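Both complexes shown next keep chain A, but they swap its partner, so chain B is in the first and chain C is in the second.
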Partner chain A sequence: MRLSKTELILLGVAVLLAAGGFIAPQWLVFLLTMALAKAMVVQGVVMQMRAGLVTFGQGLFFCVGGYAVGMSGHFLDITDLAVLLLIGVGAAVLLAMLLGLLMTRYREIFFAMLSLAFSMILYGVLVKSSALGSTDGFNVKAWTLFGWTPASGQAPLALFVIIVACSALLAVLLHRYSRSSAGMMCEAIRENEVRVEYLGQSPRWVLYMNYVAAAAVSALGGGFMALSAGHIDPEMAYWITSGEFVFIALLGGTAHVAAPFIAAILFAVVRTYAIELVPHSWQMILGFTLLAIIVFLPKGLWSLFTGQARRAKA
Partner chain B sequence: MNCILETKGLCKSFGAVTAAKDVNVRIHKGEVVGVIGSNGAGKTTFINMVTGYLKPSSGEILFNGQSILGRTPRAITRAGMARSFQVAQLFPQLSVLENLLIAVSAAQSPFPSLLAPMRNASRIAQADAILAEFDISRWRDTQVTAVPQGVRKLIDIAMALIGDPQMLLLDEPTSGVSAEEKTALMDTVMRVVAQHQVTVLFVEHDMDVVRRYVSRILAFYSGEVLADGAPEAVLANARVQEFVTGGPHAHKRAAQ
Partner chain C sequence: MMSLFAVLIDGTIYASWLFLVAAGLTVIYGVMRILNMAHGSFYAIGAYTAASLVGWYFNNGIGPVWAGYLLMLGCALVAGLIVGLIIERGLLRFMYGRDEVLMVIITYALLLVLEDTMKMIWGVNPYFAYQPYAEMGRSALAGLKVSNYDLMLVGVSAVLGLGLWLWLERTHQGKVLRAVIHDREVAMAMGVNVRRMFTLVFVLGTMLGTLAGALTAPAISVVPGMGVEIIVLAFAVVVIGGMGSIEGAAVGALLVGLSRAAAVHYAPEFELFVIYGVMALVLAVRPQGLFGRVLARKI
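Presenting the complex of A and B:
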């Protein structure tokens, strides 16, 4: 596998980040782990944005990933991290293959609302399921990896290193996907679906594939979230959670695969300090942040790196 | 038997409006057919039905002797019938080269690859070749929104040609292009099309343009084929002059 310059930079940053985890305070390691888990869900949102679709229900797959991991540990006594994450992704893929048949018929606001509806259905079901702790959710069992059980206190750092490695691998794959025929076809569909059809390609098939892939990526984030927080609850499927993913996607922009990661980390930092600064109205600070981004950097934070913001204003 | 496209008793109505009434047409391989008719005569409806965009109310469409009725536009495209549009249908936010690369990639496989890059040497070579044929290579790296109208029409046709179709339907290739540019644009189109040995059917309002290139004319009026035959014969037809081209009879009617 030959790596391009971008991919080498992505891997380099990941190595630095993982190494940084060994000297960083524990709260920062935890914050970054959560941010990277969310960034994976945001990648799913961005994949669909590139195809012209805004989803207000990506929390569905975030939640499915999280619950599949939590329930496999709880009911099946599976503790291996790799197996758990695979189950989470697999569950989301199966669900997406089913829902995708319907979702790919819709565009624009209808797609957005339908995605929202499905995530809220799951939320409603989970809230009513007393076996799964209803609104309180339940705790996720401690994980192992290939027979190795991290000593107490080691687990957060180990998980951080694992999620950084997974994020790097995911970034390389998504970077390739965005430049592949399928990835470019998504942009083509956003631009002009009729033309895509008249080129002999099925827009629905491309969108279906993209939808399932986005679900898989988002479920991976959900699985990591469950393992890192050690707890899951129905809020994962709530519409505000999904809205937050769209927020982060807009913050970063769709121009580069690194943007959602950077945006998710920035979001976590801003939110942490906003909560400390104004505990009861921290959302206001987030609101102004988004407002500033939309006004000054309509293509997201990534345009700071490419200089597109300056060109757009000129 | 070298009939490439045949329609039998094609009808289409939108509510009370009849856009096609018993259209029977046989197009032969290698022909260049001009379709004329005033606005609303059913020219675009005909193209839309033949390419699968609209489903006829009744009738049959045969392409190379096989029924293509009820097939999707993409299936018909893959079977070898491509089209261009009255308003160029491109991917505006992408560069001209990217537009063509997407067309090349789509022509190669109905299942686009997930990880192999779209830009590879062979696809770029194919895209560059067609740009050179249409003499628009200098626009290669420009975003489509910054490209003039006439060039957009050529890109639209180039994208249709990339899949090596047997038949090409051009819906008003010169619409939206200034009168001075029309002839040059059509000369380019017909030169390239001739090199690709494609059967062509094109809709056009300018009779000078039509006369210059076609071997046969189909005249539509209110959903019906008014006349079908050699250009001189069709254009001399009294009913065609009255209803389509606006000859001496039309002036008489208008005066009444």
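Presenting the complex of A and C:
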């Protein structure tokens, strides 16, 4: 496999990040792990945004990934991290293959509403299932990897290294996907779907595959979230959670595969400080930032790096 | 048989409440094509205004009971007028013409800002204004004890819905408004001041939202986050009926209200599932909603 310059930079940053985990304080490692898990879900949102679809229900697959991991540990006594994550992704893929048949018939606001409805259905079911702890959710068991059980202090750092490695791999894959013909097709559909049909391509099929792939990526994030936080609750499927993912996606922009990762980390760091300093104004800061981005930086923070914002004004 | 009757009564009461909440949302979407996420906040603002003022009025025994009801409605309408004007003039008018989905995100930002603004004004402790609810007492309907306040809600909702319908269908202004709904650009070319219609409709929608909040306040405890909970419910109602249609919102509210009441009585664990299940089902069969218009695909 030949790597392009962008991919080498992505992998280099990942190695540095993982190495940094060994000297960083524990709270920072935990914060970064959570941020990367969320960034994976955001990647799913961005994948669909590139095709012109805004989902207000990506929390559905985030939640499915998390609950599949948690329930497999609880009811099936599976503790192997790789198997757990695979189950989480598999569950989301199955669900997405089913829902995708319906979802790909909708665009724009109807897509947003229907995705929201499905994630709220899951929320409604989970809140009422007492076997899964209702609104409180339940704790996720400690994980092992290929027979290795991390010592009590080691687990967060080990998980951090694993999630950094997964993120790097995912970034390279998504980077290639966005430059593949299917990825390019998504952008063409966003620009003009009818013309894509005239070219002899099936937008529905492209969007279907994209939907399923996005669900898999988001479920991976959900699985990591369950393992790192050690707890899951129905809030993962609530629409405010999905709104947060849309926020991070817009913050970063859709121009580059690294943007959601950077945006998610920035989001997590700012939130940590904001909640401490001004506990009741966090949402207000979010709201004003969102408005500012829409008005001044419609292509997200990433356009600051590429100079697109300046060129657009000139 | 008894429980079927109870389902009908509960369902109707819940449906009329849902209609109150959803009416403003559907009016704003119909004319302005803005699916307003901040509508939940308008509802919460109305509830907070009413709860704090009405609570103060009754606790200090300021005046007669009937004036308390007037105060409740009046303060909600004033609050809606002010909030609606500020938001439309101060923010939204700069955003017109943008993508519908982007407008959802803009109003989502607005919702976040308003949620914290409310926490700053009213704090995070709950407010109670139970007096208007308690004063009305209960009556027996075929052996069922039903609160008179809830029955009044059904009446208010019906009057409001009928009024809105008459305004849209039978007055000159309503006719102009329907022209805007049908084709904004042609209406503009015919000399309709669309901008002024937008201001009018947005303020009206906001006032409907705060009114719904104020009417709900006596029956619940007013707490932070109540607007966030309600908005998806209102979306469900509006989406089922067809976004922008008053009749649709009424039918959607009845559908959701009755099915929820049935779920609560026969299978309580499916309460939330039923509401969004109905929404997903209607969208799957008729994406434009029960009363929505089908749009042709354009190149």
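Rule of thumb we're sticking to: the second predicted complex is superposed on the first by the 314 of 314 C-alpha atoms of A that agree within 3 Å, B and C clash if a C-alpha of one lies under 4 Å from a C-alpha of the other, contacts with A are read in each partner's own complex, and residues count from 1 in each chain.
Keep in mind that, in the parts below, a residue touches a chain if its C-beta (ideal position, glycine included) is under 8 Å from a C-beta of that chain, and two chains touch if they have at least 3 such contacts.
Since we're looking at a predicted model, the values are computed, not measured.
Counting the residues of chain A touched by each of chain B and chain C gives the higher count for C.
When the two complexes are overlaid on their common chain A, residue A:R195 makes contact with chain B and with chain C alike. Of the two partner chains placed by superposition, A:G12 touches none, neither chain B nor chain C.
In the superposition on chain A, contact of A:W205 is made with chain B only, not with chain C. Contacts of A:W239 after superposition on the shared chain: chain C is touched, whereas chain B is not. Shared contact residues of chain A with chain B and chain C: 192, 194-195. Interface residues of chain C, counted against chain A in their complex, comprise 35, 91, 94, 100-102, 104-106, 108-117, 119-120, 124, 228, 232, 235-236, 239, 243, 268-273, 275-277, 279-280, 283-284, 287, 297-299.
Against chain C, in their complex, chain A makes its touches with residues 54, 56, 102, 105-106, 108-110, 112-114, 116-118, 120-121, 123-125, 127-129, 192, 194-195, 239-240, 243, 246, 250, 280-284, 286-288, 290-291, 294-295. The part of chain A that touches chain B in the complex is made up of residues 173, 176-177, 179-185, 187-188, 191-192, 194-202, 205-206, 209, 213. Across the interface of their complex, chain A is touched by residues 51, 72-74, 77-78, 82-83, 89-94, 98, 101-103, 105-107, 109-119, 159-160, 163 of chain B.
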